[in-house]
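Alright, structures below, take your time with them.
You will see two complexes here that share subunit A, one where it goes with subunit B and one where it goes with subunit C.
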Partner chain A sequence: MRALLTSLVALSACSQWDAPVVRALDYRIDRPRVVAVQTDLEQIGRGQSVLIDGLILSDTPPQSVQVLVCGFVEGQRTRVGDARCFQNDELVQQIATALPAIWTPPEISGDCPDFNDAFTDTFQPNTEVDNTAPPPLVRLCAADVLLAVRATWADGRTAMGSTHIEIASEDGPTPPRELRLPLQLRVPPTASAGDEVALEAVFGDPTRSRGYQWYVSDGELLKTGLTRIQRLEDEYALTDNILRIPDDYSGPLTVALVANGSYFSGQTVWRTAVIEVTP
Partner chain B sequence: MYLTVLIALAFADPGDLGSNAGHALNGELTGSVRARGSGDRLPCTLTVGDETVTCQEDGSFSLRLAPGTYSVTVQSEDFADLLATETVVTATTTEIVYRLQPYSNDTTIIVYDDGPREYVSRTVLSADELASVPGSFGDPIRAIQNLPGVARPAGPQGDIVVRGAEAINTGAYIDGMPVPFLFHMFVGRSVVNPAVLEDVEFFPGGMPSDFGDVTQAVVNARTYYEPPKQGLHGRVNVDLLDGGFGMTARQGPWSLSAGGRVSWVSGLIGISSQIIAKAGSDPSYKVGWVSPYYSDFQLRGTRQMGDYQLAVSFIGARDALKVVPDRWDRDGDGFHDPNPVDEVERPFDPNTLLDSQFYLGEVRLDGKRTEHKSTTRLVLGWDRQSSLFSEFGQLSQAPELGKVEQITVIAERSDIVRISDTLTVRGGGRFQMRPTRTESWRDGTTETPSVVGQDNRLTAGLWADAQLDTGRWWLSPGVRLNGHRFSGRNTVLPEPRLTARYDASNAIELTAFVGRFSQTPPGHRTAPGIGNPDLPVMQAWQTSVGLNSKLNNGITIDATVFASYMPHLTVTSQQISLATDPLNDFDNALTTVVTNGYADTRGAAVGLEAMARLRPQGMWHGWVGLTLSKSFREGADSWYPGDYDMPISAIVVAARKLPKNWQLSGRFRMSSGQPYTPSVSIYSSDEMYWNAYGGPINSERLPLLHSLDLRIEKEWLGERASWTWYVDVMNVYNRKNPFMPSFNSNYQRLTREVYVPIIPTTGLQVDF
Partner chain C sequence: MKWTIGFMMVCSACGTGLLPNKAPQVTHVNGTQLQMPIRGYGQLPGAFVTPGQTLIFQFEINEPSSPGYDVYWPEPLPGWHWEAETLTATWTVPDVIVDYDLSTSMLIVDRDKTDPRFTQVYIPLEQLYDEDEFVDE
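Coming up: the complex of A and B.
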């Protein structure tokens, strides 16, 4: 019943049914977009700082950039996954006005339920393993909030991208995430109008990526804007695409590639390149 | 009664007619003229060429004519024209019965306000005459949507919105009794069977002082207290959506009227769904469907007692949207598996998405002396509205994911005393008690409602006004004292009202109105726990000036400029906050909770309504309406367009009588798209997904709305009954007019997934 109601609501309010198609075909940088937001930490421990960056694609630089967090309450655990959080200005905090940004969140409450107590009803103690070891990542004692990058242009246009971040009440158990993952974007530096040029990306860890999103400022991507890993070479994963440049195009043509991380091992990295197109 | 039958000579020279009279080769045209429906014989006069021949007293006639084909025109000041083509054969008698339609019972389109003139903004729509408006599916009450300034709201609820006001601000009445809804959901037919409906009284604003507890408009469906005809008469109507009957009977001082309707569209949907599913899917799958169900009934007995009339009435209606869930035979045992949803105990039926019903009983005594008319009534009723829809399908009369139940007790007395030829005084009082119980079902996982609210709501009104008629000037100052009690608070508000009319000439009159109105917010909006008990009484000031003119060729032109200011309005609001989510506790961590609530705000509206109409005195009838208006609500930082703000709205309604009792009618509507709140798109990197939140309230509009509806009907006249077959097609060219916004997955593009498609229907109506 709930599924039926949800589907009715979804029908009446919005539609995500076409999301893969839109992701595949909506690759043109024809409007301001924030297509990726990344952090160097999966979880921010007590006293730690996080590095936040975002990829903004537009024909002109934005007039202003804001890094926002929504749902974070000092001294209180929150779990916010609903983007409507940004609808209430009182729940939104601005933490930076430029990218990349560094943020050190205040501590959240240490009054957290005990991990083992919380799951006593669900899991029976496993007597065959060493239960004296400290519990793993204490997810129950972390706040999960939304981080967003909002860019505003002089003509009033805005674009937003977001990611989740966990803020733990204890020392961060996670080492900083490696932002400089080995992603190579191989793009010819020059091309002629009307050419079909090969684009190739090599990613260092095929298990950690679930999709490659391509963006171009003009032209047509013959493999659409959404590609998967197409072949493996040693420890590298490769994906490629073909860009058909318009016959009447000249000047710089931007190509961007975002290797999206997954929700559980979020590693979002990107590369951008420019092809100088001659008539 | 004066009746003329014109027989125009088509082929023969009228001058030859006399010489042919009595000729052995002539044919004979004989028959009679009767009133349609009642079958009463009518005395008449036949005019042939330059000659006028009077019918017999019993309506019979006999003419000897030269062989040929003749166009026959039947005219009467009290009856609609009747055109026919007759063929006269040599030495043969052609017998025919002409059944004439009284204007008050015509199947053409008519809008008139020639009734009592004590109101300046009232429009009275004749029930039978409006039934053929296309797109209304033969429902005269629904036809009021075709008037300037009127629209139906988005979504499934059966309401109308007037001058940009929310539907709750328009009072729905049946014979003066307030009812929760006047239209069935989705299909949109009214809850009163047309056969027992006398007319529809519609005030877009400027209600006189006897109407209270309303802040914008009034729709009052008036049914027969005293059927116009002796004997038994009625109507049976059957079409693809529903079937209904209505009858009136009058014998001596006693009268009886009854009507009812029940839908079967749900059965058709179910059968067709199963057929489609069986044709294209796994046989182990039993398809589910969602379908509307509706029914209504009306019953009244009346006794004339000298100068008094005693009536006992019962009315009721039910509207439901039910789900038949789909089933799988996953275990392969040959039987469809039970749905686990049905096995969970809940305070509601999970397969009933919407359920609205009301039942009212009334005892009424009317005094009918010319110098002193009075009405005394006692009403007892019960109503209930429930909804499993969330904020996107919210009903104006029911809580989001919840239920509201009310008992209604009304005691009313009103008097009209004619003091002199120039002065009439009216006064009265109404006491209304409504114990209201509300339940919230937002937490659908427990056996009991998550919140229960109770409120004993009272509304009392005393009113008096004077009507001064000095010839050219007609003035009516009045005042209403309205008391409201809800949420444990009492509010008393005086409501002065002034109506004026000036006859500038025989063809032009000017009107003006200014007045104050107040209204108790709906029960679920103030109920503790699920509503906002702090809401004040809704209030409005209205003013209007108008010009009504009658042209010689049967065309009337009406124009009204209106403005209203609402210092207190109850509107829906959405609050995003951090709180413990009852459904997803997250171990007491806070999360975003969306609370759809109600808030008090201010509103304003201004506009121009104009209508030019051609009355049914020829082959063509219809009207053209235009509305220019703006409706605003006050937000946190600025004023924004109201949910039903439609700056431009135009409508053309036309009907054409055709030979052999065919009639073709059409309606074209065009209006500004409804305002909506755009979504701000946020791309989530780690989910590769777009999320969104609401942007500036009502800062965007849906695309221009336009649609064409057509209706064709054919009538066969029997000896004791008339049969009418009709085809009504709504949205002929299948225009995708979204009635609510929906977006593609990245919230960059408005889609048109939610719209009313082309809806054809056909039916048969029998009047006897």
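Coming up: the complex of A and C.
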């Protein structure tokens, strides 16, 4: 029995069913999911507060929501790169129990290398830079930790999603990111079972070409769960998809779109919509 | 005996057993045999494109060890068309290219539900600019 259990553990460990397939094809809301976590700051400067929100997709609302941080040790700079951090209860702190949440982390140590030393160690000095301007946050002085949203349902199901955030020991010059960037999701309000319906989204950042992630409660997305810009409309980026509704479906069908952000491309934003499907 | 069974299960799942499932393999593109067939992750030679041009990729895929496969094009380019029956991708390059990153990827997923495997083929594409567009100031 022990050998079989060991084998099963190993089976799960060496599965090839990983990132590219999951990102493209695991788009159904067939289980509770936290598919996006957003913050209005990339780096939290000394004394700053961060606004945290998450997109929870499920057939029913969760019984409870927790906002967690993992790997943050007060007064120290730490770096956490793996969501498995949340498996270690000693490293996890609960910072809120509802969304959206606001968190002001305790200050971390200011014992950091001098900005100019750190800069010249890494880069060639650039004489064209305005040296009188306040320096940006120095990455070497930041704790890089994980923020997560964990939702729990009454029947014991759980779902979690996470994102990185940096907590700096310096004052934070980074202005908060605008979380209300225009994103319009266009879906037909009604459809019939078996239909192929056009889904469109218009996003207010024409420079973000990729990273549009779709989720549906049922059916098949003919362009997969990942799409990119198809064309521009008045300086807005338009992306699209086609949803094939199952022949035997009836009732509300949820469509969600997440415009994934990154350190370079800005914030993550999302929209959801419902199509009422008749037999 | 139980250890033998366990070992065989692990080996078969990790592709090292006697009869392992293997990922689909791209062997030919446009009739030309690839020097190194692509299985798992691989990349085709890059191509420069110009607006209005039509590119055609006709693939030959080898997948003998499972009940078949499906081909997907995540993040499809505008104007990209896939003909599953003939394994032919046709791209009519839009007159206005708005995406600075034209590269695309093909995802071939086998239908073996017990040990699914996939191959991802990266296709580097780049817009060919007219030299006259760049003017020295």
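The rule is short, and it goes like this: the second predicted complex is superposed on the first by the 237 of 279 C-alpha atoms of A that agree within 3 Å, B and C clash if a C-alpha of one lies under 4 Å from a C-alpha of the other, contacts with A are read in each partner's own complex, and residues count from 1 in each chain.
Methods note: contacts are C-beta pairs under 8 Å (C-beta built on N, C-alpha and C of every residue); 3 or more make two chains touch, one makes a residue touch a chain.
Fair warning: this is a prediction, and the values are worked out from it, not measured in the lab.
If you count the residues of subunit A touched by subunit B and by subunit C, you find the higher number for B. In the superposed model, A:Thr78 lies in contact with subunit B only, and not with subunit C.
In the superposition on chain A, A:Ala148 makes contact with subunit B only, while subunit C stays out of contact range. In the superposition on chain A, no contact is made by A:Gly219 with either subunit B or subunit C.
Applying the stated contact rule after C-alpha superposition, one finds that A:Arg23 touches each of subunit B and subunit C.
Of the two partner chains placed around the shared chain by superposition, neither subunit B nor subunit C is touched by A:Gly45. After overlaying the two complexes on the shared chain, residue contacts for A:Gln230 are found with subunit C alone; subunit B is out of touch.
Touch criterion not met for A:Pro105: it reaches neither subunit B nor subunit C. Note: residues 1, 4, 8, 11, 14-17, 23, 210 of subunit A belong to the subunit B contact set and to the subunit C contact set alike, using the contact criterion stated above. Residue ranges of subunit A in contact with subunit C, taken from their complex: 1, 3-4, 6-8, 10-11, 14-17, 20-21, 23-25, 206, 209-210, 212, 223-232, 237. In the complex of the two chains, the subunit C residues touching subunit A come out as 2-3, 5-7, 9-10, 13-15, 23, 72-78, 94, 96, 98-101, 105, 107, 109, 116-118, 120. Within the complex formed with subunit A, the residues of subunit B that make contact are 323, 325, 341, 350-351, 353, 388-390, 392-393, 444, 574-578, 586-592, 594, 679-694, 740, 742-748, 751, 753-754. On the subunit A side of its complex with subunit B, the touching residues are 1-2, 4-5, 8-9, 11-19, 22-23, 26, 31, 33-38, 71, 73, 76-88, 91, 112-113, 118, 140, 143, 148, 158, 160-164, 210-211, 213, 258, 260-263, 266, 268.
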